[in-house]
Amino acid sequence: MATVPLVSDAAASPEVAAVFADIRETRGTEHINNFWRALAAADPALLAATWARLKAVMVEQREGGLDPLTKELVYLAVSMANGCDYCIHSHTAAARAKGASAAQLADLYAVLAMAVQTNALVTALGVPVDPGFQAEAD
Amino acid sequence: MATVPLVSDAAASPEVAAVFADIRETRGTEHINNFWRALAAADPALLAATWARLKAVMVEQREGGLDPLTKELVYLAVSMANGCDYCIHSHTAAARAKGASAAQLADLYAVLAMAVQTNALVTALGVPVDPGFQAEAD
Amino acid sequence: MATVPLVSDAAASPEVAAVFADIRETRGTEHINNFWRALAAADPALLAATWARLKAVMVEQREGGLDPLTKELVYLAVSMANGCDYCIHSHTAAARAKGASAAQLADLYAVLAMAVQTNALVTALGVPVDPGFQAEAD
Amino acid sequence: MATVPLVSDAAASPEVAAVFADIRETRGTEHINNFWRALAAADPALLAATWARLKAVMVEQREGGLDPLTKELVYLAVSMANGCDYCIHSHTAAARAKGASAAQLADLYAVLAMAVQTNALVTALGVPVDPGFQAEAD
Amino acid sequence: MATVPLVSDAAASPEVAAVFADIRETRGTEHINNFWRALAAADPALLAATWARLKAVMVEQREGGLDPLTKELVYLAVSMANGCDYCIHSHTAAARAKGASAAQLADLYAVLAMAVQTNALVTALGVPVDPGFQAEAD
Amino acid sequence: MATVPLVSDAAASPEVAAVFADIRETRGTEHINNFWRALAAADPALLAATWARLKAVMVEQREGGLDPLTKELVYLAVSMANGCDYCIHSHTAAARAKGASAAQLADLYAVLAMAVQTNALVTALGVPVDPGFQAEAD
């Protein structure tokens, strides 16, 4: 249940239609996710800026950077930690579409469970940072 | 500033000493992170259970699962999303030790920034899940 | 799907009925939000205390303080950051009822997206506070 | 304690130096916040993209949009809800620099306290959204 | 709407079936929560490890430790703070099954509301820890 | 490092001094936590309202409600889940002052670790609520 209407193709302004067209061309699919349709209603300028940045980060490939599947798994892990249901569904689907196997997703769940547990314990105990961790940053 | 003392080697009970010894052998280093020393003070049984599980998830390798660096990056991303400073420092150091390059960490930061932004917008707009995302789960 | 029943007018105890009556009079509407009906079931004393405080903060006007719409936008932004779906729906409706325009809400979404992104990067990088920021607090 | 070095003016690449110069010109101050210096070390491309977007959202003014102080208060409220200490310090300082009075900040604290409390109770009770809230979105 | 299928008894592998059998015997009920059925699909090894640990923490009793109802209330409070709807529903039901009265749950809601409010204000104000709090940890 | 000064006894207005006096009398100690001193600077009205409510919830005893130590443990668990360092320190100290044993705190840490782990997995898997959980609420 959205707080804004979802913008249909018919109702799209030229600015929105241009973004929708680029999403379709970049992804090679006719489907425009509800997220983009809601964002189009909320703020067309924010839609354009968000899509441009997402394309640069998730579609384009940086030399020596992470491969597309790893980036998708990181995106999914962050969405899980933030408890964003829609995002978990869309990025689980995206990870599978990019080739994530059941064993890889099983590892993702196992690492998530491990990380939140140690995150919480570290915070609960107020553990001071080991001096050695810092040295590597300088 | 911890809410419990950090258990030194000299003060370790046999149960705690056995865990410390296994950490040292598994990791090939004499250094025991402050996290384990604080957890030893809080609850030796929780120390043993947490280390055993962390070893199974992060050290052992599942057939067809994620490689050690990818698991480390997911762990780090979750720690960042949860805002755990100690964890961010320790797992940034661990990612570098496992070979994460500056370009790979740059991608991690870029994906994190992208994910939290779209997570927040999806939530703010109450976007309903696209029916197609669900089909792939069944 | 609530974990408690929603208290109807007919089922309201005198203590609850008095709060419902004050909500109706203060807001000039017969509608009592589900939140108040659920809170009435959970703890009538908490209902009374929460309504009294909400009225003092959101309805009454402090000299030199924030105007009602700005307070509503801050309330909404916090609800978005906390990922509370019900709260996002009720306070988006309230912001519109208090005169928030589409352009103002568009700015709210844009600032939210910006803030969560820089919040996450600051945390991920462990950025130390600039000395100058502190000076102004003293 | 940062996980990356803070890039000094002397160490800035031409790409980073150009961003630093634009920050200085836009803000009319010589001071470059530690956030930008850390981001420059983490990923110069992310620095450029983040600054460009922050300038568009926070410095430029949308017709009929929120005034600069209200945007700053929303930014601050989100940072508080996310528990980002650095961000709270920098945006409290920024809010004061943009004219926020003590009474206005007092209202911000009061609304924050109110919002997190009702957010938590709504979530704890699983309150279903009132049908009327949705009507306004369509 | 799950991102994985829920594993039925008929579809359970021997590894999964053994966990399901132990859940049934330990809890004295035929019902297996959807959580365990989803986890069985995601990662049978994670299912086994999570159930084993949950049984050790929540079912077994440590000498001098917390009683079962108090542990359940802590579990519920954490789930509320984390905004996990499913967990709130399952652990509210579990708390009632373990004897939590309406007055005890009312106190839980009241303490939750108090805690999140002071947590947020402390964070918003950047309050430094009183030296005395630390002394007790050493 | 606070964003507001800490109000000393000498600098306290009559309104603030009255709250400080009631804190001292209620708690039987001369020490006023930094939280109250910071809140006094931020908003004396919020200080008075927060203290009045905290006294009602945490000091006064509801018939059939939770005992003081259990309320303190719930407060602490919520503070841990919210990652509020100051609150963790102050409420760990308070729990010890109210008689929490090392074994009880060990159980608290163990339950926290369990809860955040299952919270995260439930969210990651999008587990639907079992119909039976709801029945008990009606």
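Here the chain labels run A, B, C, D, E and F in written order, and each chain numbers its own residues starting at 1.
Basically, a contact is a pair of C-beta atoms (placed from the backbone, for glycine too) under 8 Å apart; a residue touches a chain by one contact, two chains touch by 3 or more.
Heads up on the chains, UniProt names are A, B, C, D, E, F = Carboxymuconolactone decarboxylase family protein.
This is a predicted model, so every value here is computed, not measured.
Undergrad: Given the touch definition stated above, what is the smallest step count connecting chain D to chain F?
TA: Each step joins two touching chains, and the minimum needed here is 1.
Undergrad: Most remote chain relative to chain F, going by C-alpha centroids?
TA: A
Undergrad: What chain lies farthest away from chain B once each centre is taken as the mean of the Cα atoms?
TA: For chain B, the chain whose C-alpha mean is farthest off is C.
Undergrad: To the nearest 5 degrees, please report the angle of the rotation taking chain B's Cα atoms onto chain C.
TA: 180
Undergrad: How many angstrom between the C-alpha centroids of chain E and chain C?
TA: Using C-alpha averages as centres, the distance is 28 Å.
Undergrad: Could you please state the distance in Å, as a whole number, between where the Cα atoms of chain C are centred and where those of chain D are centred?
TA: Here the centre of chain D sits 20 Å away from the centre of chain C.
Undergrad: Among the residues of chain E, which ones contact at least 2 other chains?
TA: In chain E, the residues touching two or more other chains are 1-4, 42, 45-46, 50, 53, 62, 80-85, 88-89, 92, 106, 109-110, 112-113, 116-117, 119-121, 123-126, 129, 134, 137.
Undergrad: Considering only which chains touch which, label the overall pattern as line, ring, star, complete or other.
TA: Per interface graph, the chains form a complete graph.
Undergrad: Which of the residues in chain B come into contact with chain E in the complex?
TA: For this pair, the touching residues of chain B are 1-5, 45, 49, 53, 56, 62, 129, 134, 137-138.
Undergrad: What residues of chain D sit close enough to touch chain F in their complex?
TA: Checking each residue of chain D against chain F gives 83, 88-89, 92, 105-106, 109-110, 113.
Undergrad: Taking the complex as given, what residues does chain E use to touch chain F?
TA: 1-4, 31, 33-35, 38-39, 42, 46, 50, 53-54, 57-58, 62-66, 70-71, 73-75, 77-82, 84-87, 89-90, 92-93, 96-97, 101, 103-104, 106-108, 110-130, 132-134, 136-137
Undergrad: Where on chain F is chain A touching in the complex?
TA: By the definition above, chain F touches chain A via 80-81, 83, 85, 88-89, 109, 112-113, 116-117, 119-121, 123-126.
Undergrad: Which residues of chain F touch chain D in their complex?
TA: Residues in contact with chain D: 1, 3, 42-43, 45-46, 50, 82-84.
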